[in-house]
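Below, chain A partners chain B and then partners chain C, in two separate complexes.
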Partner chain A sequence: MNTIGWPNFRSLNQEGIVFAIAVVLFVAAAIGLPGFIDPNNLVAIVRSVSVLGILALGMAVVIIGRGIDLSAVAIMAMSVAWYLQLLNSGTPDGLAFAYVLAGVLAIGLLNGFLVAYADVPAIFVTLATGSFVFGYVRSQLITQDAVPVPQGHWVELLGGLRFLDIPIEVFVFAGLAFLLFLFLRYTKWGRYIYFAGDNPVAARNIGIPVRPMLVLRYVLSAFVALIAGLLTAASLHSINTRVVNSTLLYDIVLVAVIGGIGLSGGRGGVRNVLVGAALIGILLNAMTIIDIPLLYQNLIKAAILLGAIIVDGIINPRDEQTAQQGDI
Partner chain B sequence: MSFRERLQSWRYNLVPDHLVGEILTKRWTDNAIPFLALVVTLATFGSIIPGFLKLTSLQESTRQLGEFSMVVTGMTVVMLGGGIDLSVGSIFALSCFSAVYVFFILEQSIWLALAASLAAGLVFGAFNGYLVGYLRLRAFLTTLVTFIFGRALFDILVTTYAADVQLSTATSDVLDFIGDSTFWGLSVSVWLAIILAIVTHIALTRSRPGWHVLAVGGSRRSAHNAGIRVRRTVFMTYVFSGFCASIGGFLIACRLSGAGPGTGLNLEIMALTAAVVGGVSLGGGRGSVIKGLMGAIIVLTMTNGLIRLGYGTGTNQMVLGIMLAVAVTIDIRWLKNRHKVLNEVYVAPVYLRMGATQSAVPGSGTPYELDNRLSAADHIGLGELEGPEDVILDRDDNLYCGTRHGEIVRFFAPDYVRSEVFAHIGGFPLGLAFDKSGNLISCVGAMGLYSVSSDREVKRLSAETSRSWTSIVDDARLRDPNDCDIAPDGRIYFTDSTKRYDAHDWALDSIENRATGRLLVYDPKNGSTKTLLDGYRYTNGVCMAHDGKSLFFAESWACRVHRYWLEGPKAGTAECVIRDMPGYPDNINRASDGNYWMAWLGMRTPSFDLSLRHPDMRKRMTRRLPQDEWLFPNINTGGVVKFNEKGGIIEAMGDLTGGAHPMVTSMREHKGFLFVGGILNNRIGRYKISGADPNWTSPASYWGAKS
Partner chain C sequence: MKLIKTLMAAATALAVTAFVAPSFAADDPGPAAYAQSLKGKRVMLVPLAMGFDLAQGWAHYLKTEVEAWGGVFETRDPNWVVDAGAQAITDAISSDTRPDVLIIHAPDLNSYSKLMKKAQAAGTYVLLVDNPANFPADAFVGSDWDRLGQLEAEAAIKGCGENSSKKIGLVQGDQANSSSLYQYAGIMKVLDKHPDFKVVAKPDSNWDATTSRNVTTTMLQQNPDICSIIDFWDGDATGASAAIRDAKLEGKVFLVTTGGGEKTADCDKLQDGTYGAVVMTELARQSGDMNAIIKFLLQSGQPAGTSHTYIYTLEKATTKADLKPDSCWDLKALQAEAAAK
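Then we have the complex of A and B:
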């Protein structure tokens, strides 16, 4: 590559740029914004991106395998909402959790099956299942938009858990990130995901079980969404299903894409998620401190995502020769 | 017949399996599923909601339909071009706001509001188009992000100006007119949507830019190679989508006299679902505006119906999600597997028990016994010819034959060494005949009945007959015209071997063994073609009897020869004169001694005869085995048989060495020689017939001595 006199863009990759921007932003915010550098605020930043980061980890695995999961937020919010609704209506905890777990895995399996075996593009499948999950749970299983956590339940206790004054979700995020890092980097199955994402046909030809692994990724993503949902409910003592219609989903994609995980698959890793999460966390926190209204924050985030996708399109251009007809 | 065989014959001869395959070949099956869904949806909601189909209720819901179907039309065009536009909801909302802002806040004229609305849509669409078309970003994600961007912008604008709009006192008759009035029961928006749909439909199907969109969607790379400006075409589809969404936004601004946070919410997933449910294919190239509209009606009926039925929040999303998932899956599976399914179900074998036959083995003492005489034939054009199915000689002794390259080759008398391409027709020229004025008439496989004049002018005589009302497959088309002969009055009698397969798929027809062969007549006086007889198993050779009052025709897969009467008491009827031959008959021609020559293209085998009694086995065979391993008629051995007017067999000859004429599809007697052709052979044979009239020629036999 790059033997014909072009400057070596590889050394100047997206992850590096984003990391540099994050550092610059951090320094600028530390200097310019009162209270930004305060330890409590720093913990708040990490905490605020924990759930986002966990969701982005799940999304990252799917994207590396050349897919996308637009149902993540719906699964996150609706599974926990249903769980809490079951608890509030007196279902035994174990049974309720079993129901919810089964439901989450079923949706993951459905996503994976439709993508892997029915060859339906992932974006359509997950858009449809996301819509379905939200609609079904909202209309059939729960009675109002927000469902509170029952008094004294373990989810509530989880939210109060601190270690070294740092809330538990930060550790969960760190733990999951580390596990995923080990999985992607050091296990056979982790490497297979890269192969399958880089060139699914070749991966299949050399004997990698591409389709079962595709299913597995969507199941994994759904499961990660459930964990993220539980942590959200733990810290807020309730779950608001309106989050499904918010821009959270696009924030997840933003974290993954802006960190440098190519949407065409096969590239990136946990580090990219961390870098993306850092940038978004600093950005959101800074915007909140400056007191930019939420609506404008959305606009800014959308603009950044648009920029990230354009840059992604330029850095990882689509290969016209191998691009499938109908790959939209 | 055993009970098992009787059951098989009922099962496979009475159940019309073949119709499934024939229906699947129809393009309209693509439309059938969405149409059925539309009917079912309307019927369901019409029956469970009282008054759902009443005029007043329809007026209210169709108003919404007008705006929505415009958005869907734009989405359809983008999808036909191979893209997708998820930002339509944002464009819709922003256009609506633009109109509201110009009209209510700036208090300008409604036309300026329209202009602002359109400008917003076009600019937004152009932005999408630039990103997706020129920068070649992924359509789905890119428009998803522009959708969020537009939505965020709209939310800011709406919250900022909502109060001002409320306080505005601007009114306009035009606005009220667009928003409220109706023509013949339909509101303005519906009329506009109909006009837009018609114009778009005509543009897509009848204009160059429309074809370019379909070409790009059908195959981007091929379109590029064909010189279409792919990027600009893609760009224009998004601009068009923006245009459509902006008109929709303007109309809703007129109808609601304002814009709210709910304007255009969830519109993108609704429009996407509508297009996909209607049958517009993801990935482009397949679909139409009409399909999009069908989808729009289905989706709107569903969502409105559910609201009217009182289902709570979220039901819409649930139903949309299910519809989208199901429709996308069906679309993908259908597109991927349609031809596979078609291949699997198209061949629908029938049961047939062939009658016992006499042996053709040398020394068996039957009239059919074959020998090696044809191996002694001289060869003409060895290695130069490919597939001389039929051969014929003119009055000047020149020899003509068709080839698989679609040509008619002429070999010059007397030694038949020199040759030339007499005429190029195309297709695969099969049966040949000379008419009274010396025109060469040919049945061209896959094309029709053609005439080549002596100065080589090619003219099509007939390519179709009348369509029968009960046939699903188009039986007006001549798929496999095989042989022809000409009656004294000039009418051309010819066969069309099968209605269900193209000429080169004759082996499939033999395996299916369905009786779809026809005898037709072409009348040169008025150019009409008529079907005389139908329902034979591969009609093949035709030969006018010596007296011109009847004709013989061969029924290959049934190993029979029939006589069809043109005159006399039996005029218009056919009778079987030879049955249960050991070989599959092909062309029939006159012999000098008042008898007839018949070619055998192959020989019956006990194994294939047995398989004809097991249609289930043949069906499994075509589905599960590769073509090379199919059992079909043996065409490695054939021969020439002479029979008399009554159907009695006089003699048979063949080439059992297989060296020169293993299979024979045609033979023509001329001045004491027999010229032998074979559709899979690479030569024409010339065989000296002992005891034949050395002066007899076929043209003279048909049309008298040279005048």
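Then we have the complex of A and C:
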């Protein structure tokens, strides 16, 4: 019940809290840190979280449907590493890309099939396929952790692409976010994802094709990961598969969850990802400008996440429904 | 007469001896002793990961040499996971085929100390390579990271020049790895002697290229007049170079880094101007040092853990001007050679 007048603090959810923190941080940094408000720095902030945000979009779709995709980073790094390795060993571009597309599709289908039809919990399936993808590609298909982009290849040119001095990944992030927004909000299958995530059994009973849609989400997430990988390689002129061992995967989940996409499924949307990405981007940029060592950066990041979760727990106590079905 | 006969006999004997003299060479006790103490000995390399240039280069040179003297060479691939490395070492010590020499690339100062002690107690010589650790190994072979940092700082100062902004940015690795900590100490030693040069920022990359790019972008945003950046490893300096490229500061920011001297990772990038200077490890020489100390220890008869030798690899900063055809080693060529066998 919202009435005109004082804002209803009871209706403040995690997204609102995180958005408020992000705004406060932004204002504080703009006042306190020289050069923060510079347009180029603002572009750099958005760019620094673009790949993270793109991956979080893929993750969001899966989480809203009450799943999780822990293979995203492995797919991102290994698909592109394999692609570049094929190119470096002289495979024609079209053929190499076709192989990689087929590989990514296969892993997405495998994830989806095992979750949807074999009823294995998503967390185990994707953890296993992620390790499999990394292990197989690393040991069988590529010779080194880091694979360079061949000189003059379109991936390299993609990295140099700018519109109005803004790097291409910002536009890709924005474009994907918009497409996903349209999909989730205005298409039938998009709306179904919420039903399936909120209550899979009921969704199935009313005739929603819950299982094929589940498969679709994992395939979607795998392709989003491929795009993120291509953009990473475009910017760095190489891809390093070591990223699979990094905290990137947790950062992706962090962006989605901190923005307010509940792990219990059925809630959230593109806006939550944007808010989560904005907070992380502003935070990291400000801490880098202040020159805070990495150890403390991780501590501060973790403390803010913990703070947001605690405040959310106080303002929005767990209701009967979440208590019954539980989180992931 | 008798005397003459005797003399002649002696002369004949001498002549005969002289004639068969080459057989003395076959009696050189060296090779036999060498073969006896080395044959069948096991050498194991546990690097941080097998997937990067340094480890692959070491493995190549060590394998060639160890197999040539009839030993067994093995590697383990912890793939950057400290626990997996600890597991590999534990398994190696307790297995029936316990290695006689264990070469360890330590992830930080302390993680493997206990295990290395255990290995020595079991009779395995422990060699530390590249990264020092808080442990008296039988030998340390690798860079003097402090000196390496000094060389980087000197290259950066030279790259900046006298009439520059004299602003230097650092992209450190992390705050746990000895190579990062000592490198930083070395850089600061040189900069203390040049008080007009200032470090304007010193973020960590956590050895990740994307992070390196992001922090360098911010650094250049805040200080567009930086004249040199020192990135602590060529594995992530691709990120710093991407940031310089994106900021259109190519040629204005002198990027200094360090690496294993692999051709595509270092020399090609010096050639195309991506890096201004790279302090390169001469990998073949470093591997040669390891081979020598392995051969020495196995023949010495001394118990494991009794010697503590430091063998620092000679380092120098290489720039485009002093690039030579043999400045770098070529991983692709080594792999092709291995595949051809």
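By our rule, the second predicted complex is superposed on the first by the 285 of 328 C-alpha atoms of A that agree within 3 Å, B and C clash if a C-alpha of one lies under 4 Å from a C-alpha of the other, contacts with A are read in each partner's own complex, and residues count from 1 in each chain.
Simple rule for what comes next: a contact is a pair of C-beta atoms (placed from the backbone, for glycine too) under 8 Å apart; a residue touches a chain by one contact, two chains touch by 3 or more.
Keep in mind that what you see is a predicted model, and the values were worked out from it rather than measured.
Of the two partner chains placed by the overlay, chain B and chain C both lie in contact with A:L295.
Using the contact criterion defined above for the overlaid structures, shared-chain residue A:Y250 touches chain B, although it does not reach chain C. Within the superposed three-chain model, A:T91 lies out of touch with both chain B and chain C [touch as defined at top].
Applying the stated contact rule after C-alpha superposition, one finds that A:R138 touches each of chain B and chain C.
After overlaying the two complexes on the shared chain, residue contacts for A:N199 are found with neither chain B nor chain C. In the superposition on chain A, the chain among chain B and chain C reaching more residues of chain A is B. In the superposition on chain A, A:P167 makes contact with chain C only, while chain B stays out of contact range.
By the touch criterion stated above, A:D119 is placed in contact with chain B alone, chain C being left untouched. Touch criterion met: A:A128 reaches chain B, while chain C stays clear of it. Residue overlap on chain A between the chain B contacts of one complex and the chain C contacts of the other covers 138, 145, 295. Against chain C, the residues of chain A that register as touching in their complex are 34-35, 38, 40-41, 44, 47-48, 51, 138, 143-146, 148, 159-160, 167, 232, 235-238, 240-243, 245-246, 284-285, 288-289, 291, 293-295.
Looking at the complex, you find that chain C touches chain A at residues 49, 51-53, 56, 79-81, 174-175, 201-204, 206-210, 213-215, 217-219, 221-222, 235-236, 238-239, 242, 245-246, 264-265, 331, 335. Across the complex, chain B meets chain A through its residues 82-84, 131, 135-142, 144-146, 148-149, 151-153, 155-156, 159, 219-221, 269, 272, 276, 281-284, 311-322, 324-325, 328-329, 332-333, 336.
Taken together, the chain A residues at the contact with chain B in this complex read 68, 114, 118-121, 123-125, 127-140, 145, 247, 250, 253, 263, 295-296, 298-299, 301-303, 305-306, 309-310, 313-314, 317-318, 320, 325-328.
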